[in-house]
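Think of it as A, B and C in the order they're written, each chain with its own count starting at 1.
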Amino acid sequence: MKRLKLRDLPAVALVYLSGALVVLVIVAIFYYLAHEARYAFDRPFPYGYRFSLQSPILEPDPYTGQVLDDLTVDPNATLLAANFEGDDGIDEKEEGAPMATLEELEGYHPFGTGSAVIDSLDDLNPQELFRDNWKQAKDATKGDRFILFAFATQEYTQPTMKLAFQPDAAFSPKDCPFDIKLRVIRTPNGIEVEPVEIDLIQNPSGKIELPTWIAKSDEERTNGYVFEMVVTPKKSNFTATIAGFFKTDWAPTLQYPRYGFVPLLLSTMLMALLALAIAVPIGLACSTYLAEIAPARIREWLKPIIEMLASIPTVVLGYFGLMIVAPSVVKVFSQAIGMTSGRSFLTASLVLAFLLLPTVISIGEDALRAVPSSFRDGASALGFTAKETIKKVVLPAARAGVVATVLLGFARAIGETMIIWILSGGTAVMPSIDPVKTLAGPTRGMTDTIAIEMGNVEFEGPHYGHLFMIGLTLFLITLAINLIGYAYGRKRKWLAS
Amino acid sequence: MASVIGDRIPSRAKLAARDARRKLNSRLFEVWLWSMGVLITLAILAVIVTIVIKGLPAMNWEFLSTGPKEGMKEGGIWPMLRGSILLMIGTLLIVLPVGVFGGVFLAEYAGTSRLVTLVRACVVALAGTPSVIYGLFGLAVFVLLITKHTSLIAGCLTLAMFALPVIVLTTESAIKAVPESFVEAGVSLGMSKWQVIRKVILPAALPGIVTGLVLSTGRAAGEAPPILFTAGIYYSTAKLTFDLEMFKKPVANLPYHLAEGYRQGSVIPEKIIWGTCLTLMLLVLLINLAAIIVRARARKRQVW
Amino acid sequence: MVSEIASRENIVVEAKDVDFYYGKNQALKGVTIQIIRNKVTCLIGPSGCGKSTFLRSLNRMNDRIAGARHTGLIEIDGENIYSRKTDLMQLRRKVGMVFQKPNPFPTTVYENIAMAPRIHYGFGERELNEIVETALQKAALWDEVKDDYKRKHALALSGGQQQRLCIARTLAINPEIILMDEPCSALDPISTYKIEELIKELSGDYTLIVVTHNMHQAGRISSHTAFFNLGELVEYGTTESIFQRPAKRETEDYVSGRFG
């Protein structure tokens, strides 16, 4: 072949450029998914505890008649928190509830708790006392300190009182990357108590019994017991984010967001496996029929029809599943497994299995066709029946190709978005050990979570970053499966000779 | 010398019974395979026929040629259909040179080194990468990094990336299917490598290349996730003006319309959704049909 | 043609006036031949002369080709093998076949041989062990693989060994006739020599019908030779007579190397 001619150069350069571009695309996808996933690591970690004084003998509330032990419904409880509600910190508090005065408490509540927006008691300004203290959610590497005042009013008659504490609703201390300690830093004049230090992560709720101290005037409110809640970092933001990512709870829009993607991962995998378990036997049977048994004339009819399925957009197939398959699934299974909505794990898997058929059939048929016909001749000359030829000779010879078929089908299944979106029911839950419960219930996978939530997130925020983390994980999983599948597909044992 | 099996051979009657059992077994197996083939084909036909039957009542010229009315309770889907066609044409224009040259690179210039095997494996893996990943990439790069908002051009670029690997692979295999003798003939006429490619290989491989191009563009046209975050708006009633601004604006299109329709619940009447589904399916199906015809005609002409 | 040597019970295969077509192409024209039991018969002739087609019609391998049909009569042991009553499974057990390119199944040496007797006769492990060993010995492969034939992958064998494995595989279904379609054409000279020796060895117990391209090979291994040209059986007789005293000009031209 002649060497490169000068006037060919532009075209040849273009060819090389395109080749380079293809390589670049792979690198770019990886790079940008990782690049955007970094916003996940800017994630602030929220926390919050409620505190309230109680009598050792709990009495029914004079108004509601209920014994108030749950602090989240106690209107007088103090919330010390770093979360997203008080995004702009101080301003929020100016409009927030001031620390209760004795007058306000009179007649219905014999205790008061509150906080000041300060770091040290020396800065105390009696004008700026609030019931709650909100701060912005923090980076895992930044600590914080809260101060809590507690006093009883003159109406209180018991010799002791108890400071009750519990985590704010939806806050789960074990997911928190901080050490949080509650200490008594000052006792009122004349009262001595044992030093109190409580690890709020280990013991997130409980009560501390204290000798009663009564504030006689509003000025005295801050002279009683003073506690501090000290928050110290114990992990880097990176490890804390990663640890949070591998938790089993996906609730990104809560005040205390949780980004545990394990339920999404498991649901995706299980749905894909169930779909494969249905599609592979049926699909391989069909490809065996096409490759080994069907006369050419019939094959020419069947193949375009099967390929036609591949050209139904998944949005359309999803709608078909929703309107036609889901009601039938409910009808068939409502009695057996107590299914109430057709949008469920089972429906999504069934439609997914249907979607996989053309993939499985066409790759499977290729795998079988790649088996040299000399094997079939040999089997036939030995007097094997069609079944024996297929089962003992052709399928074992095509084993690598069949493995490739299953792997590529799996990658296709876990990457499918619209069908899962429309049919899974959209609830992120850990798959239950009880298979009936899992099958009948709603679920949610990785792809549909990305597709649904990306429409509502703040771009370049932590939620956005976490969606990219899921995307990156999905990309790496499918990349690995596809590469292994490709390697298997190329493997042709009989070429070894 | 005695035979290999010798006197171990079963009696005639036993053997005959065994043979009969094996034949029956095999027959049943064949029937089972056959029934799976038929079952799948019938199921697929049933799905397609159902969509056609459900979609037909909404289908008429007005439905295809006008915009939605009364908050999508009535009217047609022309702006969405138009958007899908625009996206498809844009995708095709972008992916055509890159995909075809990329395929030529892999088939003719890359050689067979380990690195190239790896590149090829990566292209195969990209072809199997979920479309939602391309959507994320498009959002990060074409939307947030470059244009700062969703747009037709961002959608086309994202869809082009999604379609690219398949086109590279089909182009490569179409080129590899051109017989070596053609190439030798070209070389013997004193052509340079590129001339051989342009004058001999590409024309011979053209039907295969076109088929691959059309099929994967068709598939891209029906795919929702890549355009969810890059190009789509729920619906549009606006008239289209053909100018540069068009590319910078997001565009309503069928897959996004349907996806958003599900998200928002029962805004659009069922009949119209079915009609939209049918339109989208027919759009993709017609494109594929074009590919099948190209392939069939090429096969008839093919002499090697 | 061969009446001088063929007594009735010595004839195992008898073809009368066989025409064979692939679609519109006629591959065999009026072939009539009688093949002698427990001898080696070689079918020779230039490419496309129909010798392979004739061979493959003896165990009905041609049935697998769409559009193949024939007229005339082919009998094995006096039974028409194309009659409606013919049991294909039985026929294939009786008439084994070895192909041009060695085609062992992609599994172990042991499985290659054991598979068919297990399927056909339902033998158990103990019997199969004996059968595999005997078959390997008869195919002169035993000494080379006896240490690891249960583990060794068949495709790890050399080409010649693979071909002998295919012969062993055929022996294990207990055939009376073995058809060989150019069994040495893909092999080197030493492997070819081994296979030829093996063919001679087997000829006492089996009827071997061997298609070959190589006239010298026919001369070395066969007792009878049939010369095909353009779908017709031109001449058939003892190998000696075909090579030394050919009756027809065409045969003489071919065996002396003037064409083909």
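We adopt the following convention: a residue touches a chain if its C-beta (ideal position, glycine included) is under 8 Å from a C-beta of that chain, and two chains touch if they have at least 3 such contacts.
Remember, it's a predicted structure, so these values are computed and weren't measured experimentally.
**Student:** Specify the contact topology among the chains shown, as one of line, ring, star, complete or other.
**Tutor:** If you draw each chain as a dot and join those that touch, every dot ends up joined to every other.
**Student:** Report the chain whose CA-based centre is farthest from the CA-based centre of chain A.
**Tutor:** With centres defined by C-alpha atoms, farthest from chain A sits C.
**Student:** Give the chain pair, either A-B or A-C, that is connected by more C-beta contacts.
**Tutor:** If we tally the contacting C-beta pairs, A-B comes out ahead.
**Student:** If I average the C-alpha coordinates per chain and also across every protein chain shown, which chain's average lies closest to the global one?
**Tutor:** Closest to the centre of all protein C-alpha atoms: chain B.
**Student:** What whole-Å value do you get for the distance between chain B and chain C if each is reduced to the mean of its CA atoms?
**Tutor:** Inter-chain centre distance comes to 49 Å.
**Student:** Nearest whole angstrom, what separates the Cα centre of chain A from the Cα centre of chain C?
**Tutor:** Centre-to-centre distance between chain A and chain C: 67 Å.
**Student:** List the centre-to-centre spacing of chain A and chain B in whole Å, with centres computed as mean CA coordinates.
**Tutor:** Taking the mean C-alpha position of each chain, the two centres sit 32 Å apart.
**Student:** For chain A, write out the residues touching at least two other chains, lowest number first.
**Tutor:** 385, 388 - these are the residues of chain A that touch more than one other chain.
**Student:** Out of chain B, which residues touch more than one other chain, so two or more?
**Tutor:** 22-23
**Student:** Among the residues of chain C, which are close enough to touch at least two other chains?
**Tutor:** 89-90, 119-120
**Student:** If you look only at chain A, which of its residues touch chain B in the complex?
**Tutor:** Chain A reaches chain B through residues 1-5, 8, 11-12, 14-19, 21-23, 25-26, 28-29, 32-33, 35-36, 282-283, 285-286, 288-290, 292-294, 302, 304-320, 322-324, 354, 357, 361, 385-388, 390, 408, 411-412, 414-418, 421-422, 447, 450-452, 454-455, 459-460, 467-468, 471, 474-475, 478-479, 481-483, 485-487.
**Student:** Applying the document's contact rule, which stretches of chain C touch chain A when the two form their complex?
**Tutor:** It comes out as residues 59, 61, 64, 66, 88-93, 96-97, 99, 101, 103-107, 115-116, 119-120, 155-157, 159, 162, 166, 169-170, 173.
**Student:** Over in the complex, which chain A residues touch chain C? Could you list them?
**Tutor:** Touching chain C from chain A are residues 295-296, 372, 374-375, 377-385, 388, 392-393, 396-397, 493-494, 496-497.
**Student:** Which residues of chain C touch chain B in their complex?
**Tutor:** It comes out as residues 87, 89-90, 117, 119-123, 127, 131, 134-135, 138, 171-172, 174, 204-205.
**Student:** For a test of understanding, state which residues of chain B touch chain C in their complex under the given definition.
**Tutor:** 1, 3-6, 8-10, 15, 18-19, 22-23
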